[in-house]
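Below are two complexes that have chain A in common, paired first with chain B and then with chain C.
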Partner chain A sequence: MMTVKKINLWSILSKCFLYFWCVFSIFVFLWVINSSLKTNREFFGNIWGIFQTPQFENYGKVWNNYRMGTYFMNSVIVVVPSVLGLLAVSAPAAYILARVDFKLKKTLTRLVSFGLGIPYQLLLVPLFFLLFDLKLINSLTGLVLVYVALSIPFTVFLLISYFASLPKSLEEAAEIDGCGPGRTFFQIMLPLAGNGLVAAGVLNFVGLWNEFLLALTLLSKDSKYTLSMGLYALQGSLQYTGDWVALFAAFTMVVIPTFILFILLSRAIVAGMTMGAVKE
Partner chain B sequence: MKRSKSMIITFLAPCLILYFLLFLYPAVRAFYVSLFKWNGFTSDMKFVGLGNFRELFADRHFWSVVMANSFGIIVFGGLMTFTIAFFLSGMIASNPRGKKFMQGLIYIPSIINPVAVAILWSFIYNQQYGLLNGFLRIIGLGHIQPTWTAPDTLFWAILVAMVWMYSGFYFVILSSALERVPKDQIESAHLEGASEFRIFFQVKIPLIWDVLTTTIIYWCIMAVKEFSLLYAWGGGVDVPQEGARNLATYMYMTAFGRRVTIYRMGYSTAMGVVMLLLVVLIYLIITRVTKKESVQY
Partner chain C sequence: MKRILVLVFAALLAAGSVFAGGQQEEAAAGNSIEYVSMWNAGEPQAIFMEEMAALFEAETGIKVEITFAGRDILTKIRSRLLMQDAPDLVDQDFSELSGALLRDDSVLVEPLNDFLYNEKGPEGQASMMDLFDENLMKLYAKDGNIYFFPYEFITSGFFYDKSLYAEYGLSAPTSWDEFISNNKTLTDAGIPALALDGNISFYNAYYYYWAVARTLGAGNLMAAASDKSGATWDDPGFLKAAEMVYELSAGGENLFQSGYAGSNYPAAQADWAMGKSGAVLCGTWIPSETKSQQDAGFDMGFFPFPEIDGGKGTIADVEAYLIGFAIPEGARNSAGAKEFMKFISKEAYADQLAKDTVNIAARKNSYYPDLLLEVKPYLDSAASFHVSYDGVMQGQPEWFANVFYPLDNDLVFGNITPEEFIAKIKADTIAYWKSK
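The block that comes next holds the complex of A and B.
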């Protein structure tokens, strides 16, 4: 049932604000995409003008000459295994911590929960030298291991809340049917927590795809840069050379995959986020 | 149900080994490192006790710039972000046309790469070719042409970008909490003649109190840790200017800064410890202050 709506100044103002907010974002994105298809001469001549003929070679130049292609592939090589590895180690652990009673359960859960609050900056220096000793600086493998380890607390807690919400009778029924504990986990519990796995996967994917601090610390070789790092380096050099349109193209290239992912998976993203906030 | 010890161990081990080795061990070691003077690349670590902390707390730059900015982000950034998030969720809740589309549009900036956000806003703020000054020229205020990222306004310029980036995240969380508020409570308040304003503060806020506190704690922790946008702001060409220096960027620059090499590992890690203490302190204060007022429904 609807309540009577009063039309007052307050609601008009906030409505204007909503539209302003949305129009601003759309406009800015369109402006960047439009600028990425101009020539530098066109852009510097008139920042508002529409491109004459679309300069797709801006994208080619950024992808090949400025090595965004390499950075993109590095990001894929780092982020995909990180997310898969993360789920592979976190799901069984979360299952045990959520549903099995054993002596150290409380202590271990608490230890993992510390990780939720510790700023990465605390461990940055020791971590750098630990990886240095392990010869994993400038190594994508090293970065994957670090990404997995540092994302464990968030992921485990998100998955614990999914596993904990499953009814206890499921395991009992499985046992009566002669299903061993291992099979119970893989064939019954894991599929039921599927939404949780998707949510955890997507949220971590986005987080790691955009990760900057650790990549900046642990990678110093141009050929190993991930997208964040590459974009950061590119920004410095392109502003210096005045090749703005290439920078616009680089921006678009970095942002588009996130847009696509969001459009495809927005449900899972929102579900995971609100779950995290409510259960924390 | 009985589960063998061996299963518990196999299920937990990979996760815990990685976590202990690459997360907890370096975190604990940080406390040790923070007590030394060390440039990192020699084994020469000189024990200075709490010397790093003493030096840090006596450093005026640390308080007047670094800490001031960190708190500025927490407080002013927080106020702006939450006000905007509430505003937007209130409007979205009234089911305007294109609701789904606008929800997505509001959320998207928070999943864009922060380095890209820094670049985007440098396009907006650029003195000569930026959107903002271009707009001023169109509406006939071309003679003003402010330098938005001048040293004295840089912090605020970045803060606006940050609020734009993060509002969507808090918008999603708060609006999903507000949606769960029972409709009959709002309706009965309406029938009693309460204004929208009063309903918001006296009915809705208490009902989403738990989510709101968690979200505020989350904001504070995130604000303390905020690094990417601030560090990338410099455009990869120099160390963060004063307006972009908070605990996180200053700490990074002290240890690993590429343009100005400082390599003060102990001193930098002491700042990491300060960050952790700040997070713990904020957590304790907020949970204590907000505990009593929770309302169950």
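The block that comes next holds the complex of A and C.
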């Protein structure tokens, strides 16, 4: 017997919107890459046209002359330790809050949730003075510490649900086999929360890689600029020199690492984000 | 896996710590100066400054630590000054420096009179002042003190496509009527006579500010902006200036490119550089800014904002928009900063600045880049100087942004008539001062 599927208008509309959004995003991305390979005259002569001869020197120019290489390395130096440090702090905290019963558990969990609700723009001034007193203004270490501290609530909140979804029987089996709490966490539970850690890591990586306001507030020396700051400076520089195609090359450089990360880890990210969403 | 992660983490943290020196840790020593610059890394002026710093260090042993902070440098510097953490040297255009660091309630920069009048010039001149036009240097003086030291000179006027003009038998106009006639010839031939990116309010503002400078002379726009009673706007010269701007607009002869009100920078100026329109009213940075878009044989000419019959302003009154240094109060190595300023003012370096950056050096008799050669005669024959936007941008910044810009945009776009413009600006100026 044939079953007639009910046509759901809402579903069709949503799909159309998503397809349109995808096509639009891909088009914009390709347009930026295409523009980055043109000369300025080509670009202004026909902004929708395909480049004649690829101008790879645009990339060389922003990497060397406009210090994008330095800004890129600064971003790596700041973001990678920030994400690793963040996971190192947040994973055990989330594990305890998810799996261990103790007196202040609910209060602590709520406190973490409250942290999510504080807009960090409110913290800019006190943070600036605090770091100034600690002589950590214009310091990448200072920025790492701030990034780790401000990202903890989101990461802990995200990881709690992963740890909570793991079966209790695994811990019990580990205990019977003689594992202490530390070993149970590192050797049993942490690997099982791998997808969750990847998702938390990538989401934080992307957020911090593109972070601008804190970097703008806490870094004023251009030798310490991260990529987002560098891009801002570059935008200023290139508009005054009229070298707009180089700006597109810089945009591409900034986007590529997160783009690659998403491509490589997309399965883990999706698995991590949907884990614990339903009870089976 | 865990061990590898721990090792990677430790290595990156160590690397982070190595690369992460705090600003206060790098406090300027006696043999170094900290220079926070308005330029961005990679800009021609930034490259020039880096080169100068290296040469200066080789000659004097004083290291110049440069931070390229970009155009919003003063926002960053002001907070540092208030926290008694002043760098030794900053630079920006003098309007910005004046507005941020030379306020009535607080002067945050060192006076340079002693340096300018008592220090010998780099080539043995009797004083540093001999390198500059003294009237120019005093434009931004406050209570008899000069606080800023220029290295780049900018003025504004019409840059035009000489080949296009020649094709239609036109030459640089010497009067407003000729200017209108030239523009009509081009628009009749289907070529936009004037290029304007309408989304840049301060480009739109050039027209009215210059029109007032020609009808009434310099100082009058500032007087009108500062007049709490609004009565100054009753002077017919202001209405005449509004009529001049309106004549160019979509409400009048429609001499700008199509859709100029919605044109986004740099679309119109790029089109102009590619020979698609006649002229653009802009600062002397435009040859450099559009260099990469110009045709190989692009022939650029310059003429000042035309005079008008019966007007009090003449082309001998030249706009001076200066860029240069200031030494903040509390600078740790003020002497080193002065030495660097003197070093950079050497004739050879002033010429190099002009050549490398396609700009005009502030020092007298310096080299002119080819693209700016046509500006030279007007500067050489200048009888007086006035500051850009008649000083209103730095003197009455709030009025300029909130009262003038919206109405001026409407006038330039032809949305309001000259009479409406005058009536509204008078009413809004009175309301503005009442709210203070």
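The rule we apply is simple: the second predicted complex is superposed on the first by the 239 of 280 C-alpha atoms of A that agree within 3 Å, B and C clash if a C-alpha of one lies under 4 Å from a C-alpha of the other, contacts with A are read in each partner's own complex, and residues count from 1 in each chain.
We adopt the following convention: a contact is a pair of C-beta atoms (placed from the backbone, for glycine too) under 8 Å apart; a residue touches a chain by one contact, two chains touch by 3 or more.
Because the structure is predicted, anything quoted here is derived from the model rather than measured.
Engineer: So which one touches more of the residues on chain A, chain B or chain C?
Structural biologist: B
Engineer: Please work out whether A:233 is in contact with chain B alone, chain C alone, both, or neither, and reply first, second, both or neither.
Structural biologist: In the superposition, A:233 contacts both chain B and chain C.
Engineer: Should A:204 be classified as contacting the first partner (chain B), the second (chain C), both, or neither?
Structural biologist: In the superposition, A:204 contacts neither chain B nor chain C.
Engineer: For A:44, decide between first (touching chain B), second (touching chain C), both and neither.
Structural biologist: In the superposition, A:44 contacts both chain B and chain C.
Engineer: For A:36, select first, second, both or neither according to whether it touches chain B, chain C, the two together, or no partner.
Structural biologist: neither
Engineer: Output check: A:90 vs chain B and chain C. Expected answer is one of first, second, both, neither. What do you get?
Structural biologist: first
Engineer: If you stack the two complexes on chain A, which partner ends up touching A:244: first (chain B), second (chain C), both, or neither?
Structural biologist: Both partners, chain B and chain C.
Engineer: Applying the touch criterion given at the start, work out whether A:78 contacts chain B, chain C, both or neither, answering first, second, both or neither.
Structural biologist: Only chain C is touched by A:78; chain B is not.
Engineer: So, does A:161 touch the first partner chain B, the second partner chain C, both, or neither?
Structural biologist: Once the two structures are laid over each other on A, A:161 reaches no partner at all.
Engineer: Mind working out whether A:55 is in touch with chain B, chain C, both or neither, as first, second, both or neither?
Structural biologist: In the superposition, A:55 contacts neither chain B nor chain C.
Engineer: Where on chain A do the contacts with chain B and the contacts with chain C coincide?
Structural biologist: In chain A, residues 44, 88, 232-234, 236-237, 239-240, 244 are touched by chain B and also by chain C.
Engineer: Once bound in the complex, which stretches of chain C touch chain A?
Structural biologist: Residues 2, 5, 8-9, 12-13, 15-17, 19-26, 36, 39-44, 46-47, 67-71, 76, 80, 83, 265-267, 270-271, 273-274, 285, 288-293, 295 of chain C touch chain A in their complex.
Engineer: Report the residues of chain B in contact with chain A in the complex, numbered from low to high.
Structural biologist: Answer in residue numbers: 1, 3-5, 7-8, 10-12, 14-16, 18-19, 21-27, 29-30, 33, 40, 84, 87-88, 90-92, 94, 96, 102, 104-109, 111-116, 118-120, 122-124, 129, 131, 134, 138, 164, 169, 172-173, 176-177, 183, 186-187, 190, 196-197, 211, 214-215, 218, 221, 224-225, 227-228, 231-232, 235-237, 247-248, 251-252, 255-256, 265, 268-269, 271-273, 275-276, 279-280, 283.
Engineer: For the complex, give me every residue of chain A touching chain C.
Structural biologist: For this pair, the touching residues of chain A are 39-41, 44-45, 62, 65-67, 74, 77-78, 80-81, 84-85, 88, 132, 135-144, 186, 220-224, 232-234, 236-244.
Engineer: Please give the residue numbers of chain A that touch chain B in the complex, ascending.
Structural biologist: 1, 3-6, 8, 10-11, 14-15, 17-18, 21-22, 25-26, 28, 31-32, 35, 43-44, 47-48, 88-90, 92-93, 95-97, 100, 102, 108, 111-112, 114-115, 117-130, 145-146, 148-150, 152-153, 156, 171-172, 175, 181-182, 185, 206, 209-210, 212-213, 216-217, 227-228, 231-237, 239-240, 244, 247-248, 251, 254-255, 258-259, 261-263, 266, 269-270, 273-274, 277-278, 280
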